[in-house]
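Input: structures, listed below.
What follows is chain A paired twice: with chain B in the first complex and chain C in the second.
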Partner chain A sequence: MRESLMGKYVGARVNRVEDKRLLAGAGRYIDDVSVPDMLHAAFLRSPYPHAEIGSIDLTAAQALPGVHLILTGEDLKSRTYPFFGTLNFPRFYQPTFWALAVDRVRHVGDPVAIVVADSRRLAEDACELIEVDYEPLPGIATVEQALDADRAVVWPKSKTNLHYQASERFGDVDAAFAAAERVIVETFDQHRHSNQPMEARGIVAEVDPSSGEMTIHASTQSAHMVKWCIALLTGRRPLRRVVRQMISQRDHTKAIFKGMADYLKATPAMVAALKEMAPVMLKQNVTNVERTKAMNGAFVGLMGRDPKTLPAALAGDVGGAFGAKTAVHREDVAVCAAALELGRSVKWIEDRNEHLTVGSQAREESVDLAVAVRHDGTILGMRARLTIDSGAYPGFPYGGAVIAARLARTMFPGPYRLPALEFHSRIITSNKATYLPYRGPWEIETFVRERMLDVVARQLGLSRAEIRRRNLIGDDELPATMVTGPALDVRMSARRVFEKAMDVTGADDWEKTRAEAFAAGRRIGMGFATYIEAAPGPPGYMDNVGPGFSAMVDREPINAVLEADGTVTLHTQQVTHGQSHETTLAQLAADQLGVPMEVIRISYGNTRTAPFGLVGTAGSRAATFASGAVLLATKGLRDRIVDLAADLLEAAPSDIVVEDGRIHVAGTPSIAVTLADVAHAAREKGDEARGAARGDEAIRVSELFDGGAGGWSGATHVCFVEIDLDTGLVKIPRYVVVEDCGEIINPAVVDGQIRGGVAQGIGAVLYEKSTYDDQGQFQAGTFMDYLIPTAMEIPDIEIHHVETPSDVFANYRGVGEGGAIGAPAALCNAIEDALSDLGVRITEQHLPPARILELAGVIPTLSPSR
Partner chain B sequence: MPAFCYHRPATVEEAVGLLAEYGSDAKVLAGGQSLVPLLALRLSHPEHLVDIGRIDGLAAVDDGPAGFTVGAAVRHADVELSPVTGRAAPLVAAAMPHIGHRAIRNRGTVCGSLAHADPAAELPAVALAADAEMVVRSASGERTIPAADFFLGYLTSALDETELLTAVRFPSWPRSTGGSVAEVSRRHGDYALVGLAAVVGVGDGGRVERAALSFFGAGATPVRVTEAEQVLVGEHPDPAAFAEAADVVTKSIEPPGDNHATAAYRAHVAGVLTRRCLAEAAGRATGGGA
Partner chain C sequence: MTADRHPLSMTVNGNRIDLVVESRRTLAEILREDLGLTGTHLACEHGVCGACTVALDGKAVRSCLMLALQADGGAIETVESLCDDDGALGPLQQAMADSHSFQCAFCAPGFLMTAHCLLAEDRDIGPTRDEIREELSGNLCRCTGYQSIVDGVERAVTALVEARNA
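For the complex of A and B:
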């Protein structure tokens, strides 16, 4: 039976529940958190891309009245555990490092010391009084420099700046290239740019002065991740005390091991993954001893810790993240270490200069690509080499670059028939800030593929629509399997979405329109991009990142609670940061329960009440995972409510109707009971009726959803541009997105997600660049240097929906990342189209006006290429 | 932001007295649109801020026989919205919509922009094109500085550290003269990559009598390209003359290159703006409008 709901709320453009407080200025962001006796932290950061730290003189800073504590990297060695790599891949080096720089700084903004003072201003004043003796080293600022054997290595223990390599072949690549009528080769570059949420990073480490226990207020995408990462890396004590504690809490230690054993027993996929990974893990443990020691030390430290001293984490409203807040940052650990040291609460709010410099950078990638084709445009195979500049320090608990590399490889075929693919990945380290995930971290696959399809079409004399039609997988070919592994189920609608986009925009008549405009002296262009997005992808999709990933993350817990007063609370591990979960999940629950939305409350971001999950909100997974979990749990809750109401109304459960929060027997709406009545009855009746209810809850139903059939979202973007070749300015008179994210819970929310993503994609091409010079000096530390598009630059974005109905449970899919995935390719394709008569081929993604005029041959080429 | 001592004098005398006392340790605060970001980034560490925002008499716009005078506390928005500006100082009026965003114009001051002497800002170039005069006070008296002598270098003016720019005076707008301000910026409201404030005066014979081409974003100070101005004088204001002037501009100007645009780009666009602004200014000069 079709389980999806199209009720009173689901499918409707319901006003956002969040907006009432957010638009009234009553949101609670991290800087709104204020706790008694709180101190303020600031960081002294490296002005050099790469330097040895000689001496650090704190005397003058420590003497400043109002300064409570200054810690350097050296001080953290006894107070924290170092950051270490948690992933296991062959030919992968993960450095071990501290929250504050030790011996050496590795990028501009590398934190060297934390100062805690009565106010932020005083802390910053003290930073200016710290004397650091730096011995500058040559910086690594480009891939070429990183791979130059005569240059410095960023991490001496690895002996090379090449930290990850993988080569894989899918299908018969040699046969594909042997059969090719043409092989077309190109290299595409994407420049480093940045997430830049409105709210930068921040943390308040609240320490209870009586118990010393810590509550972490965080601006994060996952509260449990923050809790456990901070627990893992802070609170270091000498090993003998750790061991003594383990012995004194022998039962607890046993329980940890039993829990692990039980988990493995219940999760054969994880056992298989561990077996598969064992040789790699063993090799890494032997070759990277520093990491092995760090990892063992931290985990043993965590086990030998009184569980009562574990921190709790709280997330309130989060003013955007786009992936940057999936990490626990070095500053977070330094702040928590300082707070624990002082026994006082410490707040750190990142300023914009810091956020631009170190807070979140991404996307610095290039791909060398060869495509084997027939003259008719049929693609036979591809050879690709991806290179990522991951900066100096990987993110924690995992580095964004390696995940991006593995997903870009997986997604490289997109919704096209690609019989053979050879894919090489390289990740280099450089003297730049940490590479973090950014909205669609694998976006390079769409940029490169959609750019290359245009190049191939021009070379073969085909229209750009034609080459896509020749290669897009149609409905009649589904289900199918991507050559890289993932299954494409029958709901994958890329071909239909593409055709609708062509219809809506009249793209097939474009050549004529453009020719007329050119004749009239107007330089216009159109470009499109088609992609699919694993949001969340088919079952097991995350195993493409690495063995065991799906087993780890494909579990969405939820608790649905009928409260004593008749309201309903849903406790989720999701941490909404702009996705409108308080609205969409409430819509689903209200329709499922038959109650007004106002009855539903979404509770999130508190590790004391939220069910356990490390993912939080990330990867466009919530639309399926959280929605499915809500449907399961509210179905269970509804059954219990109906049973109790049936007793109260002396009727059979099958005759009970729930409408607008009133529960009655079908046909006699005048005699009704309320949810409060049912809650009262449940509490009277006791345990059996109440499920796992705690305290004064009436009924609690807990569920775990595995993602079911999952599925794909997808879209075609069509971008129109007009270019002024006097100035190089690009206008976007029309931008169309046709998308399919399954059944839509709330069209306003879907549209908002798409618009935000498209704006970021447009920003990448025309405005945003985290510029470094060729020494690694950072040059975009303010919003005068790093340009974000405003409402004046972003056009109205026209959105059309394709909904592919299905009997699949929870046929809702994510749409958070797609806008940012499709826009760079569509815009660059449109710009090349507008310059096509000049023979321009665009191989880079950042196209400010000077670059446009260079490409068009109006001015000499002097801009750096990336 | 570093700590500082905040002063709010009630009179010009008091203000210049503070400047005389503190010299280079003091900064004048008016609209704060340039100074406050510098403080927030800790790029400037003044020990004393002298807020001139409440001084009586500095907040007036006056259109008198001496010209159009804008006091030191007058906000951009006051000038932009004043019914007098378009008639009395059309070049200033033309520049206004290009200055930052509305929120910036609501706070920032005309004299503040001039005193800050940012070469990429509109008003220094406008002052230079329109032959404005800076009225300057210090404890030892008042002097006036012609715009041509005022902008000395990047963020550097002829103001002594003890001096306060109390007003800027634009001479009365001549007859048969048109002005135009245009710029290219990466985003709406950004500082210009390069911009131009142009003035064209047309004589009775229909030929150009006077031309001013004052570029911003084109050097360490606003830049007049006199060679190109001279090309125009005595010519009919037609596209051929404008194109010739534009060529001279592109060849002779030496703008900086940075991460937003190369020098070659700025030189090219300076030529484009020359053609566009001259056409508009000449149209206004001959069409009777401003």
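For the complex of A and C:
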């Protein structure tokens, strides 16, 4: 029911709770963490894209006063478990590797040694004293090089640089192409660029010297993920000790197995998924023995570990992430290994050069596309081949590239009628940094589809709006099913959103406007892009990524606690890093409970108190999942509060009203009790009233939300540009987003998320590129080479909302990623439009001024398009 | 690598500070590590992002590029000084909060100090929206797309101008 909407906070532009702390300069970001007796780490990194490591001479570095420990890859073999692939797909190779390079470096910045010293400065000084003998190998810097059989392979055990292949057919593709009146073919490229949160990575491994227990302070999107990944990969002991421990804690070991059995019994979807995957898993286990050994070693190590020695993880304020902090990084493992070795706390803060070079890179993809159409613009089918350059080392616990490939294939039809699709995916490995998820990791589907629709429209002589109108799925066709599987429910509003965007911008009259401007010597253009985003998608959506994924992630736990003092704490597994959850979740809870927002506290990021969940804040899921969980738990809490208050006020629970934190009988507001009174009563009454309350807590209600009906967000972006062919500069005088994310909890938060995403999309097209030369040497290691747009480059962004009324529970949907998904396509389409009289065809995404001038024929083409 | 150390005297947020510091250390390091003023953030340490902006004698400077010893004899203000005496947000901070200016807010201290110096400029009429954009273009924010930050500064300017003319 929609009772939350009746409240006073939900839907309002409530100021942010977190600003009281963050704008005072009192935030606690990772570099602000300081623990007693803490040492500092720095990494020695490879200057080569690809090289054999000969000898490493540490003598001089070790002799430097203030240096406590230096570890190399070899040293980690006895102290840690190697990173291994956790996913199971056919024709997929996942390499096994260590936190520090062993034998070979595979990209510029590959960590070779960790130095721990009294200060960061000393650790860096010591790095410079380490002598490494490298034997350079040819680098793999392009897809062509990767697939060239005469070139070196990045991972010799795989014998090829092609690490993933998949081919799927949905619908009758042959019939679609046989019936086609035209087949239009094009290839689109997207360049490697990067998340670049303003706070780079960092970690403080705090070790209690007396107990040896470790608390990991992390800048992460998921605290539990950090805890368990570090637990899995560190603390290596010889197998005999592991086994001895397992025997000595027999009951614990049994409990683990029983827990797994219970979970499977309660989750038939997972059993089915495991059955489906069994042949694939078996094959991988046999063909990739190295991985099998690594995986078994790490998991047996984890089971044979005294649970008291498991680390805890703590996330404080996180200075942005955009997907970069969904992973546990090699540096994290090296830092924890060093801290455990020393029995002392160690801090590592990444600098910008490191973050640009190795911290997070993404998006290097291309698609070959053929579209079967009728002359009237009706799309009959598509054939697509996606290629991703995933760099050298996959992310952990999962490689971002294969997830992006699976999602791009699932989302390829977008909100359009597409009866048939053939989709091939290839992932290659190269001598570049790790590919990680970046805001809307499957964005290539929108870029390619929306670019292609313009190409098709031009070739068929249709307007760009017309081709979309002919193929967009309208309200009258819903519910429907995408040919790739996901269900489109009646709230999927892409067609209405699109029409509103056309209305708001007068796009249908654009040709006239542009012709007049061209005649007056002004080169203007307009482009648009329409997409939907699974935020979180229909129930079971994640099963399109892999079998069992939904069962694993579609569970949002929450604990709602009435404290003894009458305040309310919500414990969530979310780790907010700019999304303002301390505000939005409190808005929901306050309205549901009938209390002022100040009464609510959102507690997150501490694995000692947060309920278990590995996802954290990612994938635009929180709006539905966390909000729904909050509504469920606070509803349960409210019922208990009302029951107790009814006793205190000697009335029937149905007559109780809670308003502004005062609880009274309807009609007699003067006789009221407070939440503190109720808390007191609960504690007096004991267990039955208190739920699962612990310690001083008065009442605790725990809930698990499965996402309910889920749903789609979506938008149409309309971008206007003006291009100066003297300089190649592209100005954006107007940018319009019309979007639908369901009911809005806080419009300022929603608008902020959209604008931030659009800014990143604009940056990607006009400024940002993680440039490598054709040997794999990295060339964008500072903010002077990697250009983040400033306030001068990003225009005001005009936003219009469409809300589709519904009685669906928790009808709030995500907007974290959409801005970045729509912007590259809309902007590139606008640029092509502005250059249309010159016959310019845009098939790439990076269009800095020099490239604009090349495309327009103002200067000769020097650079290849990548 | 023996450290050459020199005396340093400055005022920080109105307090007189006397230290002996290694000459290679930056002002940002001294503020964060020695004085515990962690509101000043480091996001690039090469002078581009502006996260480390503080006021030196009323002018915005990048504390990551400046050696601490260069601030000798100067008056430094950091983001911590913008709060009211009771620790509540000061007018500039409040205007930014009212405008939902920030998200992760890692960039916020730099923007706040840039805006603080801009607002302190003695002028009859406040800067226009375009001028504000230009003034803020030395600070990078990765989350917001800047519009909300410009809104916040504009709101603070309007309030200040109104107060001056009242």
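Please note the rule applied: the second predicted complex is superposed on the first by the 861 of 866 C-alpha atoms of A that agree within 3 Å, B and C clash if a C-alpha of one lies under 4 Å from a C-alpha of the other, contacts with A are read in each partner's own complex, and residues count from 1 in each chain.
Note that in this section contacts are C-beta pairs under 8 Å (C-beta built on N, C-alpha and C of every residue); 3 or more make two chains touch, one makes a residue touch a chain.
Remember, predicted model here, so these are calculated numbers, not experimental data.
Peer 1: Mind working out whether A:E722 is in touch with chain B, chain C, both or neither, as first, second, both or neither?
Peer 2: So A:E722 meets neither chain B nor chain C here.
Peer 1: Now for A:G25: first (chain B), second (chain C), both, or neither, which partner does it touch?
Peer 2: Only chain C is touched by A:G25; chain B is not.
Peer 1: Scan A:A780 for contacts with chain B and chain C and give back first, second, both or neither.
Peer 2: A:A780 sits against chain B, while chain C stays out of touch.
Peer 1: When the two structures are overlaid on chain A, which partner does A:D647 contact: first (chain B), second (chain C), both, or neither?
Peer 2: neither
Peer 1: Applying the document's definition of touching, compare chain B and chain C: which contacts more of chain A?
Peer 2: On the superposition, C touches more of the residues of chain A.
Peer 1: Taking the superposition on A as described, I'd like to know which of chain B and chain C A:Y767 touches: first, second, both or neither.
Peer 2: Touch partner of A:Y767: chain B, not chain C.
Peer 1: Which partner does A:E74 contact after superposing on A: first (chain B), second (chain C), both, neither?
Peer 2: The answer is neither, since A:E74 touches no partner chain.
Peer 1: A:V758 in the overlay: touching chain B, chain C, both, or neither? Say first, second, both or neither.
Peer 2: Touch status of A:V758: second partner only.
Peer 1: Per the contact definition in the header, classify A:E124: touching chain B only (first), chain C only (second), both, or neither.
Peer 2: The first partner, chain B, only.
Peer 1: Would you check which partner chain A:M792 touches, where first means chain B only, second means chain C only, and both and neither mean what they say?
Peer 2: The answer is both, since A:M792 touches chain B and chain C.
Peer 1: Is there a shared patch on chain A that both chain B and chain C touch, and which residues make it up?
Peer 2: Of chain A, residues 121, 125, 351, 353, 782, 784, 790, 792 contact chain B in one complex and chain C in the other.
Peer 1: Using the touch definition from the top, list the residues of chain B that touch chain A in their complex.
Peer 2: 1-3, 37, 40-42, 184, 186-191, 193, 257, 259-265, 268-269, 272
Peer 1: Can you check the complex and tell me which residues of chain C touch chain A?
Peer 2: Contact set of chain C toward chain A: 1, 24, 32, 37-46, 48-49, 51, 78-80, 82-83, 87, 89, 93, 96-98, 100, 102-109, 112, 133-134, 136-150.
Peer 1: Report the residues of chain A in contact with chain B in the complex, numbered from low to high.
Peer 2: Those residues of chain A that touch chain B are 121, 124-125, 128, 351, 353, 726-729, 766-767, 769, 771, 779-780, 782, 784-785, 787, 789-790, 792-793, 848-850, 853-854, 858-860, 862-863.
Peer 1: Per the contact definition, I'd like the list of chain A residues that touch chain C in the complex.
Peer 2: 13, 15-16, 18-20, 22-29, 31-32, 64, 121-122, 125, 196-200, 317-320, 322, 351-353, 577-580, 748-749, 751-753, 755-760, 782-784, 788, 790-792, 794, 796-797
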